[in-house]
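Chain IDs A, B, C and D follow the sequence of writing; residue 1 opens each chain.
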């Protein structure tokens, strides 16, 4: 019966080993603690049971004993806390240069889109041995991207990007669940993460209906929405030059400095006057309601591709030489 | 009767101070003091709240130590709510 | 079993003081209000329990084949709402607390008897509203009613259920407020803070949380209702609002609420163990102050429910460390209870069996909390059946075991009758076995990755779910038994003496059942709490 | 606050389960203060939402706050402080057993309360006309004229007015409850229900009223004076 009744799911990612190590350590520590207390209870209950001629012996409390069984648990707790925090930080900082998959969670399905343009629903094909970073948003309510085999879970909140990352170590098909209650078919919002050998993955990638990479779709959107009229690459237009913006700090009109991450680009498209770059006028119209979540992913991918070095850059970016100085100086203060 | 008269005059004094402070907080709001503005606004409001609590609500003269303990603990738990949820929002941009 | 007439009429007590519906529905006697609460809370317990059974039946098979998805979502929502707001929060304070707090500190009644009756009427109004909401459609958001699902993506009766919880919240506030004022202002002469029973300390700490925490969920419900009814989109991401703000405000109350549930049961166990071990509690001051410490630290840790919700990593660090801080007082209590057994003279009466059950199960529940507070593991196990098992170990294993132990321990004082000891022990055993069979498999299910609130699940989880469902039926039988033999004992039970367990405490120094004003004349306390060396144990206090 | 000498051996207002009037009075006072702490935490939830949204959207909150009429806000503050004064004098009158003065001050408090609610209604009507009420009709175009640095984000401005209507609305509800309470008390006071040795309901209602005043003392700067010097 216990041959195939495992106590934990398959370990299919780098982080899974660390989480299971802490889990087993905790099982041992709490198991010993339970054993200690249960044996004390049972032994005391048996040895000191009420029987004629046996009187209870009163004893006052003892301060040193109280202090020991407060301090020791506290020290053990702090050790567990630090160990847990170390794993948590590793889980929440995606390594640079990891492969990106854009995700849109909507009521009761997962929509994935690879940078190369491959679209999937409730199925996620990823290569073994590569860091994969999930850039996720939700169209309606809060969902939660949960792959037990990778030991990762990340709530997907509407209105902003959430990121989760994993590095698959074993090929195979693993469960994907939605872990935050999201309505009628919450239990139906499941899927599979298919981890493939790199060669198979490339073959699968090539085979799919090539609707053009995400970046080219993004570039198309960029043109059709008329962005280049202000965001020019050659001269200094009315909007900031977007080349090399992603990932770097941006000085804002009211003196704040923010790092241009996916959320910054998303907010600048949907709510432009929230964070105006210093030296520019707040004249950008809002695109709230004009851009779907998929189109937003494409635009964000395109803007990100503008700041990737040429070699790693995805195909199809207008690789004009970025203007020498980021900010020209003739704008009136 | 005189002790009674004195207390009425005292309450009128507190009342006038509160009015002056209201005028002050409204007036100061028009002066650009940068980050100091919210500090002053809350400071004046807290002074007014203390005046009302200590003298109008008789917290000052009461022999009941328990009243003060209840008020302070209430404000402490309010600060817990504000402070710890702010801890989340303030550091969210760091990661 | 000689059927003896009701306790001889010339002995006036709160039960035969006056008769008739008016004497019950308009009573301001804290003991009668406790019985009114006992009846209404037991009713809601069986409603919630019925929903639990349906949930377990549905989960017998991987496919969703007993009820539809919507019905299943409403089932676990109603199970959560009824159990949390109408059973776990009020049960021990409103039943045992209302009955015993005044007697234990030697006063005639609570400070505000009429507000105490109002508290019961608010509970009944809230209960009626919740029943109406259930019968006319129910709610499908989970008892946590997270935004934006509850505010914008469902049209079930959120506002009605919210109003019911809002009113039940005020019932809880008034109970807490009544206890604090009574404990501060109306203790009998000589009843200093260090002579008070630990039952009182536990209810004092619980009342602090009730008074300070409940208003915050009241405003959260108002904000959700305002967003649904008046389009005041405070949590609406489209306006720039933040759904996480809802979670902060919700869990600011809802985590301390779990301490409102567990602390009173800890108080009950702190009374039972010394009595049946015939020993003074080990480390009185530490156990007393750890109750208050749990109440205060309980307010620092709420965001450990939100580690994966998208909150900041650094704030998650703070809350994870503080969550370990709040575990220390609970550990102190468990160690002190175990130490009390050392060199005692322990008899295995039903209350003591429930106390042992509490000790075992609460320890397991508390220790699994350490898994959840560790950030690395929480990412994997939050929102899975591991969490479901953790809080059921604390609530069903802890709160309910403590409540049943307390009901058996004080039943002679409440009804003037003894419950049948044999049946009591049998029921305790069935409850213990049924409980473990139901909820232990869920720990394994949780770590295997089965998410909570799932109507259908992958087939490989079925074996453990079948075990859990089997356990739930055993548990249900275990809970029906006490109701049966308590009612039976009202009529046919042995007449109880004033102090059948030879226990310490003012409540055992008055008659069973006590007169309306609890004592002939106000007692003067000149003895320490739990001084069992001066109380001779009866040669055979309980049928062997 | 000295205790007036207990006239009759057993004061008629003494409830059975208290041993003496002092114990009853202290219990009532502690009970009231605990209730006020629940009110602090109740409003605290909204202040928490306000704090977080103000820090997140300061510029839009400033623009929206400037659209509030400061004259009405300041007058309302003065009116409410005035009503706090009349309540204190009412409690003072009750303490010295002067029934006539007690009733007049209670009536003055009710009057000032109604004036406050009237001004509030005027403000709400003004906001309704300017389409500043959150919901489908919401349209906030910021100040006219002034060299507007940047257009206001509609969503964030609407969040300000969501908080404005929630906090001042909940405060107004508490005012209405207070006015209702004082009307009942005036009736009972008029019938001589309260003596110099038993006036706890007057005192506790006074505490409630002062608390509602303190809430407004904080609401006024936080909502009206975010950034007037722009």
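One rule holds in what follows: a residue touches a chain if its C-beta (ideal position, glycine included) is under 8 Å from a C-beta of that chain, and two chains touch if they have at least 3 such contacts.
Fair warning: this is a prediction, and the values are worked out from it, not measured in the lab.
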Smallest number of contact steps required from chain A to reach chain D: 1
More contacts between chains, B-C or B-D: B-D
Chain closest to the middle [Cα centroid of all protein chains]: C
Euclidean distance of C-alpha centroids - chain B vs chain D, Å: 14
Distance from chain B to chain A - Cα centre to Cα centre, in angstrom: 43
Chain B and chain C, separation of their C-alpha mean positions in angstrom: 38
Chain centre separation (chain A, chain C; CA means) in Å: 37
Set of chain D residues in contact with two or more other chains: 26, 30, 34, 37, 41, 44-45, 48, 52, 56-57, 153, 155-156
Shared-contact residues (touching 2 or more other chains) in chain C: 184, 212, 216, 238, 240, 244-245, 248, 252, 313
Chain A: positions in contact with at least two other chains: 92, 271, 274
Residue numbers on chain B that touch chain D, as the complex places them: 4, 7-8, 11-12, 14-15, 18-19, 22-23, 25-26, 29-32, 37-38, 41-42, 44-45, 48-49, 52-53, 55-58, 61-64, 66-67, 70-71, 73-75, 77-78, 81-82, 85-86, 89-90
Residues of chain D that touch chain A when the two form their complex: 57, 59, 149-153, 155-156
Complex interface listing, chain C residues touching chain D: 107-113, 115, 173, 177-178, 180-182, 184-186, 211-216, 218-220, 222-223, 226, 230-234, 238-242, 245, 248-249, 252, 517, 522
Touching residues (chain side chain C, partner chain B) in the complex: 184, 212, 216, 244-245, 248, 252, 299-300, 302-303, 311-315, 318-319
Interfacial residue positions of chain B with respect to chain C in the complex: 66, 73-74, 77, 80-81, 84-85, 87-95
